[in-house]
Every structure is written in C-alpha cells, then in structure tokens.
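My structure is below; once you've seen it, I'll send some questions.
Chain IDs A, B, C and D follow the sequence of writing; residue 1 opens each chain.
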Amino acid sequence: MNAMNFVYGFLVLVAVFIFQTTLTGINRKVTARLQKRYGARWYQQFLDIFKAMRKDSTSHGWVFDFGVIMALGGIMATVIFIPVAGFEAFPGLDNVFVISYLLAVGMLGMAMSAAGSGNPWASIGVARALTNMLAYDIPLMIVIFTMIFAFDSASVGELAAMQQGMGVLGWNAVRMPLGGIVAVIALLGMLGKKPFDSFIAPAEIASGPMVEYGGKHLGFMFILHEFMTFIEVSLILNLFFGGGATIWEYMLKYAVLYTFTTIISGVMPRFKIDQAVKYFYRVPLAMAVVQGLVVIFTGLGVKIWF
Amino acid sequence: MVLDEKDNRSPWEKIGDYFSANSVWMKWYCTGCGAIEMPPTMTSRFDMERLGMGPMATPRQADVLLITGYLSTKTLRRVIYSYEQMNSPRYVVGFGSCTVNGGIYYDSYATINRLDMYLPVDLYIAGCMPRPEAIMNGFAKLIDMIKKGEARGWRHYQENYEWYKKNQLDSLGEVIIKDEFHE
Amino acid sequence: MLNPVLTIAIPLGLSFLSVILKKKRGWVLLAAACANVVMLFFLEKGEVVIGGFRAPFGINLILDAYALAGMAVAGTLFLAAVLVSRDKAERFSTVLLAALAGINGMLLTGDLFNLFVFMEITAISAYLLSSAGKKPEHSFNYLVLGSVGSVFYLLGLILLYSMTGTLNMAEMSRLAGSMEPAALAVPVFLIFTGIAVEAKLIPAGGWVRGVLGNSDSLTGALFASVYSGAALFVFGRIFADVLLSEGAVQIVLILLGLLTFAFGEAAAFRQTSIRRILLYSSIGQSGLAAMLFATGLIFPAVLVIISNSVSKFVMFTTAGKITEIHGTDDYRELGGLFRGNRLIGTAFTISALSLTGIPLLFGFYAKLNVLAAYFNGRNYFLPAVILILAMVEGAYFIRLLIRLWTPGKEGEEPDAGAATKGTGLFKPVGAAVVFILSMAILAAGLLPDHAGEFISSDGGLPGGDAPSINLSLTKGGQ
Amino acid sequence: MSIAVFLAILIILAAASFFVTAANKKAGGFATVAVSLFALAMVLSMKGSVGGEQSFMYLGFSITTVGWYFSVVMLTAYSMTSFFNPFWMKKMIYPAGYNFLYLVSMAGTIGMFFAGDFITLFIFWETVVWSSAFIIQQGKSRKASYVYYVLSAVGSMATLFAIMLAYSVSGTFVIRDAFTGLAGSPGTALVVFLAFILSGLSKMGIFPFHVWLPEAHGSAPHTFSPVLSGGLVKMGAFIAFLSVTAFPAYEIFGDMLKIMGIPAPIYFLMLLGALSIIIGTLMAIKQEDAKRLLAYSSVANGGYILIGILMLDQVGFAGGMMHLMNHALASAAAFLAIAAVAYRTGTTKMSEMGGMIHRMPVTYLVYLISIISMAGIPPMGGFVSKWLVFQGLADKGLLFIAAAAFFGSIGSFMYVFRPLSAVFLGQLFTRDKDVREVGFFMMFPMVVLTLLTLAAGVFPNIILRVVTEIQKSAGIEPVTLARNTIVTTNGFLDAFRVFIVFGFGFAIAFVLFIVRRKSRKVGLMDTYTSAEFIHTPELLHYSHSFYAPFERLYDKAPDTMNMYKKISAGIAELGGLVEAVFYGGKPAKTIFWIMAAGMVFFLAGGVFR
C-alpha cells in the first residue's frame, strides 16, 4: 500500500464517474425512445448533477450532512475495490463479502441522513429500501455462495478471470443458467429499477429517502447513485458474465448489461414492496436454491463442463 | 420585475447559470385547472425532457415553482411555504390568466388576483388555458432568461422581503392555529 | 451411654405428667423435646431386648445409623416446631409428647407388631392435632383413612405371621427372602397401604389436602416434616430392609412412588395457595423417597427425606404464620411480603432453592446422590423423569419466590409502596430457629461430603448403603 | 493467586458491597465498579498462568486459554455495565441485593469458565442462573424472571443428566476425561452430547429456547440487560465450545451419517442455529420496544456464534469465537446506549421518543457504531467475524445454513436501523426538548466499548491471536494470520487496509462537501409535508410499525411462546385432574383407589407367577 494506490484509486473514481454518468445519460435516451420520445441530451445527467452541486442547500442538523458524507465515502471506497478488467487499485481486497458489506456502509449512511431529516417520507422510503434489499439479496447471495464453493475463491477478480478464455460458454450465467437469471433479476432490485422501485416512488412517497435533499446534498446523492450503479452492475458483470479481458470489452459488456436492465425496467409496472418480497422469495429464491443444490451435489456446470 | 439591470455576474455564476438553464426541475403546484396541460407537455408529443426539464417530487429538489392556475388564499399559504422550502436559485412561473389578473375568478372573495404581489414571478404563461405549445414556448423563454441571468426573482424576493411579507399577511388575514387539524 | 428405651419412655412418662401439671405443661413439653435431642448424642448403638426374651421371640429395639438418622431429623424438627410455636404447642402438650414417644418407637422398634402399636399412638395424636385446623370434616377424613390404613396393616401382618410365624423384623427379612416373591404381593400391598396413608403416597393420601391445606405454623410443620419424615423412614425400614420385593411387585411399588412424585409436582404446579403448593410438593417428595426405597437405594432416600423435611419445616412454618397474620396464603395477594421480613424471606428462599436442587445447598447433594445411585444401577429412565419433575418444581417455587419478594404490577417497575405491609412474622426465637435451620441447609450444602459422611456414619445404613457419590474424590486436579 | 482464593475474595467483596449499599446506595454502586474492575484486572493478569490446574475442597479448576478468553469477554461486559449501577440505585427495589447478586453472578461466571470438572461447572452455572434470575425480577416484569429461570432449568437439568450419564460410563467428572471415555458407546455419546449442549442452547437463546431473551433482556433492569446480552448469553457459547472440543464430537460421531462432511447431530444443531438466526431476525424486525428488539438480535447473533463454533474448523470456528467477543462489545454498548436514553426519558418504547441525536449525540454515536458492528458492516469488529463465518460456510458448502446466515445479516440492517431511526433520528419530541446528555461517568464505559469495537474491526488480529491459541488447544488447525491479514482458503482480508480505503473515500467526500457553499440550517419541522402545516413533532415521526408491509407477510406465524404456554397449561391440567381424582376430600374415593392399587398388586403377583 503506497501513495500510488491512492492515486490510482482517485483516477478510478474519476473515470468511473465520467463513464457511468455518460452511460446513464445514454440510457435516459434509451428510455425516451422506448416511450417514443426524443429524450434528453446524452450529457444531461452531468448537467443535472452540476446544477444540483451549484445550488444552495438546506440542512437538518449535523447527521443530515454527516450521513451524506459517510454514504459517499463508503460507496467511493467500494468503487476502488471493484476489479475492472483485471485492474485493481488495491490488489487483493476484492473479496465479494467485503464489497457487498462495504456497500452497506454507504446505504446505512444514506438511510441515516435521510431519517435524520425528520421527514416521515424519508423513513418510509428507507424502510422500503431495506426491505427490498432483504428481498433481492438472499437469492443472489445463495448463488454467489454456490459460486464461491464451486470455484474455491471469494475474490471477484479471480472469479471473473476464471470465466475468461472460453467465450460465452465460460460465463457463469451460462454454466449456471438459473443462477444467471436470478442475478439479473436481483440486479434489477439492486439498481432500484422497475418493478422494484417502490422505495423511491415519487408520486406516492415523494421520492422516499431523497425527499429532503436539495442543492449539494442532492448532487451528492446523484453522484452516489452513479457509483452505486457501477458497483452493482460490475459485481454482476464480473461474477456472471466473465468481466472483461480488456477494458474495452469490459465497458462494452457493461453498457449492454446496464442498457438491458434499463429496457426491461422501461416496460414494467411497479411492485408494492410486499409483493416484491413475495416475488423474490418465490421464483428467484427457488431457482437459486435449485441451482445451489445442483452445483454442490452434482458439480454440473462447474466441475463437469464439456 | 426589474429587467434592465446590468449583467454583473462572475464567470462562476455564468457557468452555474448555464447549468441551471439546462436542467430545469419543476415543482408543479397543481391546484388549478391548468395542470391538465402538463401531461401532454411531458409525454411523447411535446417531450419537455428535450430541454432538460422534468417534474420533481419535492420543493427541495426543484428549481421552478409552477403555479398552474388560480390560488385561493388558503392554498396561497401553502404555496408560500413551498416556495420558502426551495433552494436558491429558484424561479416562479405563473401559468394561465388566473395568476396574471385573477382570470374568470377576478371577483371571487376567496382567490387572489395577482400572483406577483406575493411571490416574485419570473415568467407568466398567459392563456386560459395555455396550450402545450405555449408552455414550451414559455419555458424556452425562461431558459433563455436564466442563461442570461435575467431571472432574478429570488434575489428580488430576498431584497424586498418585507414588502412581500406585508402583502402576504394582508391577503391571508389573521390565521388562528390550534393544531394541524384546526386553524 | 444411654439406653434407647429412654427416648420412648421419657416422653411417654412426661406425657402423663403433663396431664397433672396443667400450668407447666408447656415447659414439660419443651424439656422433653430438648432432652430428646440431647439424648440422641449419648444413645448406645445396637439391639435392646425388652422383657428378657431375645429376638425372635421377644420384642427388641434396634438403634442403627438409619434409626438414628430418622430420630435425629424427627427429634430436631420436633424441638424446632415446639420452639417456634410454643403458645400453640402448649395446648397439645400431652398429645405431642405421646406423639414423640410414638415416633421414636416407630423408628426404633425391631418388631412389626410393636411398630403397629407405635404407629397407632402417633396416628391418634395426629388426628387430634389435625383438629386444630378447625375443619372437622378433614380430621374425620383423616381418621377414616387412618383407620382403614391400620386395618390393612394389621391384615397384612396377620398374613405374614401366618406365612412365616414371626413378627420380628430381622427374622421376617430372613424368612421372606426365601419365600416365593409372588406370594408376598398381597401382604406387601396391605402393609404398603397402611404406611402409605401416613407417608402421603398415592393412592392413600386423600386426606392430605384437607389437613395440610388448613394447617397452621405448628401442625403444618409437624405433619409435613416430623410425621411424614418418620413415616417415610418406616416405609424404608419395611420395604428396603424387611420385605424386599422383586419383579412385578417391585415395579408396581416404584411406579406408585413415581406416580406420587409426578402427580404431586403436577398438582403443585397449578396452585396459588402457598400451603397447597407446599403440601403437593411434600407429596411429590414422599413419592420420590418411596420410589428410591422401593428400588433399594436407601442412602439417597434418606437424604431426600432429610432435605425435604428441613426445607418443608421452614416453609410450612412460614406459610402457617403468613396465613395467621395476613388471613390468606394466596401468593398473588402477598406481593412483596418478604420486603418487610428479609431474614425469613432469605430462609424461605434458601429452603425452596435447596428443594429444587440448586448447588451449594443440601438439596443438590441429595439430588446428585439420587442420580448417581440410579446411574450406577444403569437406570436412565428414572433420572430423566426425576430431572424433568425437578424442573417443574423449580418453576413453581421460583414463581412463588419472585412474587413474595417483589411487589408491583407485571410490566412495570417494582413498586415498593405496593408491598404487602407488615413486619415481624415470627417472634425472635422463632425467627432464629427458622433462620438457623436454613443456614444448616446452606452449611450442609457447602460441605456435602462431610454431611454425607455424618449421616452414613458408624457402620452405615441397613444394607451397607453409603453415599453414591463423593465429590472430593471426583474433583478436577486429581 | 489461586482461583479459589480469587473467587472467595469476590464473594466477600460482594457481601461487602451489600453492606455498603445498605449504608449508602450510591457508594454501593461505586463499589460494584471497583470490584468488577478489580476482577477484570485480575483475570487479565492471569494470562500467564494458563495451563495450571488447581483444586479446592471438591471444586476443581483448570486455567485454560478459552476460559480466560470467555472470562475477559464476560468481565468486560460486567465491568463496563457496572459504571451505570450507581445512577440506577435509587430506582431499584433491593439495591443492596442487586449489587450483591451482580457481583455473585460475576464471580459465578469466572468460576464456571475456569472449571476443571463438571460438578464445579454445574455449581457455578446454577449460581449464575439463580442470582441473575433474582436480578431480573427487579426490572419491569416478574414473568420474565420466571421464563428465564424455567428455560435455564430445562438446560441445566439436561446438562446434569448428561454429566451424570458420562460419569456413570467413564467414572470421572474431569471435563476432558469424562467425555473421551464415551468413545466406545456412540449411542450413549449421542444422548450425552445432545443433553449436554441443551443448556448451552437455552442460554444462548437458540430456537426453541429463544423466548426467554426478549422477556428477560427486555424487562431486566436497564443496568443488567447489557450484562445479560453481552455476557451471560455467552455462557451458552462456552457450553457449545465444550460440546465440540472437550467432547470430541467430530471423532465420536465420525461414523454417523454425514451431511456435507458434518455429522448429522452437529448438522442438526447447526440447523437450529440457522433457524434462530431467521426467527431472531424476523421477530426483531417487528418489535416496538428497543430492548426487546436488541434481545431478538442477540438470538440471531447467538445463531452465528453457535454455527461458527460447531464448525470446529480453521476459519468458521475462529469466526464464531471472535463473533462472541464482538457481539458482547457491540451488544453491551447498544444496550447501554438504550439504557442511557431510558435514564433521561424514562422509556424504551421506540414510538415514544425521537430525535435524541440532537440531545445525546455521544450516545447516538455509540449506538451507531455498535449496530454497525452487529450488522456486520466494515470497518467494525462484527464484520470480520461474520466474514470468517461466511468463509467457513462457503468452504464447506453448507447452503441452507449459509442462506440463513445471509438472511440474518441483511435482515439485521433492517432491525438495527429501526431504533436508530425511531429513537435517535427523526423528530425531537416536545417532551424531550430539554433532555441532556448523560454524565461523564456513564459515557465512559460506552465510549470504551465503542473504541474496542472499532479496534476489533481495524486490528482483528489482536483478538484472533487469542483465538488461534484456543484453536491449537482444541487440536485444530489455527486460522492463518499474517501481519494485518487474515488468510483463508477462499481469499484473505486485510481489515486495516479496508479501513484506510474507507477513510480515503470519506476524506474525498468530506473535501467535496466542504468546498461547496455552506448549507442553510433549518429546523426539523421544516420538512416537505406536501405543503401542509404540522405543528406537533410527535405526529411527524415515523416509528410505529416501521416495516408494516413486511411484517404483514408473517404476522400469522406461530409463536414459540404458545408452545410453552400449552405445555404449562397441560401440566396444570394434569395437576387439576390429580387433585380431583386423588385428593378430592372424600374418603370413599380414596378407598376406591386403594382397592384399585390392590388389584394392581394382585395382578403383579399373578404376572410374576
């Protein structure tokens, strides 16, 4: 660990921000086209974020500010750990549990700050977000657990590297087809895309946790959202779709995967939160358990593969 | 509204105004009948997102307060409350004739006639009610004004706060508050 | 060294004397009780022949460690009872003295018919004492059952006599051992019933609820510790020493003990009256002791009897006093009673905890011995049942203790103001006696091996039974 | 100093504190602080004498690393909590008794952990049970104490059965020898194993014994709940530890049916642990009382500890052992924080307060850090131990247990956030407008525990080094530790570096935050309410039925307490029957039964013939 690691880390943050924000802008356009609209400019997301940072803001006490900083700090730390096409700013710290729990720091910070605003909508939104998390995480973690057991590694980078070199057939999404489906559904839940976006329902609970944010706080939330999207999509990409051998392959796959979720979400209605839980605990959970049992007891797809 | 002030913004402010102009988030105050014109403006026929505009859920997030029609004195209190929750720079758009001069409710005891007595309106979109084309046109104008630094209603409100306050209080009269259910 | 006959003769004589010395009869009673305890230390061990005819032809008294243990428990608790409630005891001086003589006789005698006589003396005194509860129907009930029991016992005795031709215990033991066990089924049943009435065993204990449920500080203590302790010692003498049963009959005996134990604990579990809790718990403990005797485990049974008698003495005396002073013994209405009576509360708590088998109290040593004895005999079912029932026992005692210590409504912090008012349950002497007994439980529990050695000292118990477990020999470091 | 002397001194000091309290309540409270700190210092200094065997009368002691470790955990909970005692004395109904029992139970735990034979173990075990049962009743509920005692008794009796059974087979009470003697008879060994661990399960609150935790932790005096959750529950872990190490369960059950390489009885217990995680989590989510909520979280965390210890391997076991320390620190701190709030507001009901952060910021931070640790989020201690448990599970492929562990982990975000949001965040109630932060003396232990939690998360190897010694003494391969790194077969964790990177991210965010213009401070009531005017903070506070949509999904689930109520009612019913049949007061009835018994005797005689 030396100064270069931190410099790399910082550069990763900047690059990820630019890449993901651009992609988000493009995806806004995709959504618009799905709705037969012209849509916003591709750089609209940058404009929105900078505008928010430019504005004045209101604060509801120190925890409101502290939570925002803690959230962004935790999320940025997580981004630094994500291996991108074999590159890691801090090698060896890409343990899947570290990433998924460090992500929780950011979420906790955000939840804390939101609830600290004193607005009941925010608390309701947080309650829904946490419930949603409980729903999507269990099937996903079961599949990831299966993978760790099968490949004897919990390192995201290593797991990604193991899938490369066999083309599409090497992807875990193909080796464990049920697990791959679960992962994509869970990704929708993670990203808060429809049909699992009840926690930020704008018309119902006034955008939930975001309700009291304005100005730079809101800007922070947008930046945080971009980073969080990157972490979540990258996690699924690395674990199930083989990551990328080169940075370009990675970016391409990433863009496809992310756009795919956008397209799905563009044609979906919204689940109530208890419906989301029921759904996740019926279909994806069953699929995940079946997948787990198949892999653990038969090795089919992992140890036995062509 | 004083429009002939000299442009004395700093470069940073100019950049900031550029961002503000291209990302106009609105809080719609939809108690009036004009709100019905917003969905077509938003959806595929007119698609306001082209201009970086969009509806927001709360006043904290929004830049523009859009008053879509008449305001009774009871709702005026809420509008002022919402406006004061917004973060600067913030803009007010009066929508429809009612906000200009009371429209068909000009002689009602319960509504106010001129919105800019109470809040610093940056732009009026006249008509009863204005069609989406008019709305788009109006917003294009607003964006232009913001870009040039001419939409300075929020500064004006700050500078003439007493005057606005007096007008607001005159219109509202005395409000006796017991609790949230009885006032 | 003193002749054991004196322990029968002196109380009996004083009993007649107390009729004459009407004014001083309380002192006579106290003197007799004290003398009885003092004599225990100087008694000569061994056999005493009465009337010059040697056994098996004459009547003899046998003082072995077993009899001495029984006499020590009964005598000490008798003295304690007299000390605690002297005013009440005074009225019953004559009866009590006769009872003391009867109890000592029961424990000492080596002759089955002589045992019957002493049991009758004791029983009649018990009927009289039970009338102190001012509920004649209960005394009547007791009287009827007692008489039935006596008749049964006598019938059994006749049968045995016709079968063996002797009434001497040692001789009977020898002859019965050589008989076909099945032939003993009927006399065993008859004699069992006779003793079961006094020992409160199922099916013959129907009188207990009425009599002990209305007992006062004197009668409760006497019935639950002194009488029942002595009756159980007799039970052990007959069924673990004289009439050793085998096979199905033994199983039935064990089963009856077990049922008494289980049913007693279950019944105690639902009670809200302190005395009823205690009386059913006593029934349960009697069942345990009977079960142990029937299995042939004498030493653990003796420990159970001692532990139960002492604990029940403390608790019944307290419960009786509580009823006398507060007019009720429903523990739900006595929240925080011990707040004003902390010393007695501590004594009561120690006794109850000892009974449930909490370590460092005497009851734990008793329980440990019971378990060890069963396990040594490769019996795993009965220990499991005993432990489950000990759990039930722990449950109702802790419920009782908690209520009596802590006042206030459920769901709120304890409210000292809501505590049952009143201090000084006992007069100083009574309080001291109760407290000292509880401290004895604690002391014996702290030094279990010494206590066990003390109880089984000098030649051991009949059958050569000794502690099933010696904690010092099983300790860690080795 | 020999253990016996040490314990004797503690008992004498306990008695002394009784009399000091009788003279002056507050002084008595401070006496418990002094005594428990003394005990902690003594035990810490005992590290050097590990391996010694001592005996005193019929008590045998053996100083082991694991006993030392457990004692340190326990005494940390006791000594830190004791700082609260002086301030609560006036609320106790028996302050002197409380202090006495507090110290006696503390001495009991030490004696239990250093026990060399089972009789000593049992004696001290029961000492702790009754002394704590009498403490709990001084809290809000008498029923709680009853439930606690009865469920403890279930375990104690089963353990006594196991001890005696082992004794009857192997002829000794010495912990190691008594169990190894069972190797020849697997049937007996199975009974002994299951019966022995029962007391551990009941103490740890493993399903189906978990019902006592919410009752007892929720209703105990506020100064005792931290000890219960942070300390006494860990006694169960000690029993579980003995069940797999002193009792060589993996060897004795080696020939049995194996599930994923785990012998069936152990797997069954792990499933119970998994079930407790799920039930603890689900129940914690729907509690309305902060202390009950934390109590259910102890149930869930007990499941992790049990699973970890039962794995008895290089990684998962280390995780379980470390988690018990982490949970003790975090749970004690969380309970203390709630106690501090209760000290100022007088309630622990979450819907009755809010916004305490604006009045008690330090307490808030203490609570925050402890729940971060409890939920297993880096950079706190709980993360490292849960990470180890997960690694161990993944290594073995225990899918269902891992699923439960994940459920508990994510679910814990839900329940730990609830008191955070309801008690500390949100609207400040009018009634609590002028509440103050607690004084230094009460703040001190909370801050110490918090710093320890943080230290455990940043430098986990301090604790793990002790754990490796325990692993060595238990005869298993110790977890591999590098300088700052924990290495497992599936990857490694450098907790310190994770912390540094987190700090780096935080620093960037902080800089970004302060370079932008300062924000305008507004009051808590100035929030978006759809422009409605609200004047009562209580109405603008969302805390009741926090997860209502989620709770609805399982509100018809059966309650384990009902099972116990049914058993209890069954016993009472049997008692009623017995009373009516045998003790009705009619001699005729009794004589009927005597005759019936006579028939049985006749039959028995006949059968024999």
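By our rule, a contact is a pair of C-beta atoms (placed from the backbone, for glycine too) under 8 Å apart; a residue touches a chain by one contact, two chains touch by 3 or more.
Worth saying up front: this structure is predicted, and the values here are computed from it rather than measured.
The interface holding more C-beta pairs in contact, when C-D is weighed against A-B, is C-D.
Averaged Cα coordinates give subunit C a centre that lies 42 Å from the centre of subunit D. Look at where the CA atoms of subunit A average out and do the same for subunit D: the two points lie 35 Å apart. Chain centres here are Cα averages; for subunit A and subunit C they lie 75 Å apart. Shared interface positions of subunit D, i.e. residues touching 2 or more other chains, are given as 520, 526, 528. Chain contacts: subunit B has residues 58-60, 85, 87 touching two or more partner chains.
Listed for subunit C are no residues, as none touches two or more other chains.
The chain pairs satisfying the stated touch condition come to A-B, A-D, B-D, C-D. Touching subunit D in their complex are the following residues of subunit A: 1, 6, 9-10, 13, 53, 56-63, 65, 68-81, 90, 92-93, 95, 97-98, 101-102, 104-105, 107-108, 111-112, 115-121, 123-124, 126-128, 130-131, 133-134, 137-138, 141-142, 145-146, 148-149, 152-155, 158, 206, 211-212, 215-217, 219-220, 272-274, 277-278, 289, 292-293, 296.
Subunit A makes touch with subunit B in their complex at residues 28, 32, 35-41, 44, 47-48, 50-52, 54-58, 202-203, 206-207, 210-215, 218. Partner subunit B is touched in their complex by these residues of subunit D: 520, 526, 528, 531-536, 539.
Residues of subunit B that touch subunit D in their complex: 58-60, 77-79, 81-82, 85, 87, 177, 179-180, 183. For subunit D in complex with subunit A, the touching residues are 260, 355, 357-358, 361, 364, 368, 372, 375-378, 383, 387, 390-391, 393-397, 399, 402-403, 406-407, 409-411, 413-414, 417, 420-421, 425-427, 489-494, 497-498, 500-510, 512-513, 516-517, 519-530, 540-543, 546-547, 549-550, 552-553.
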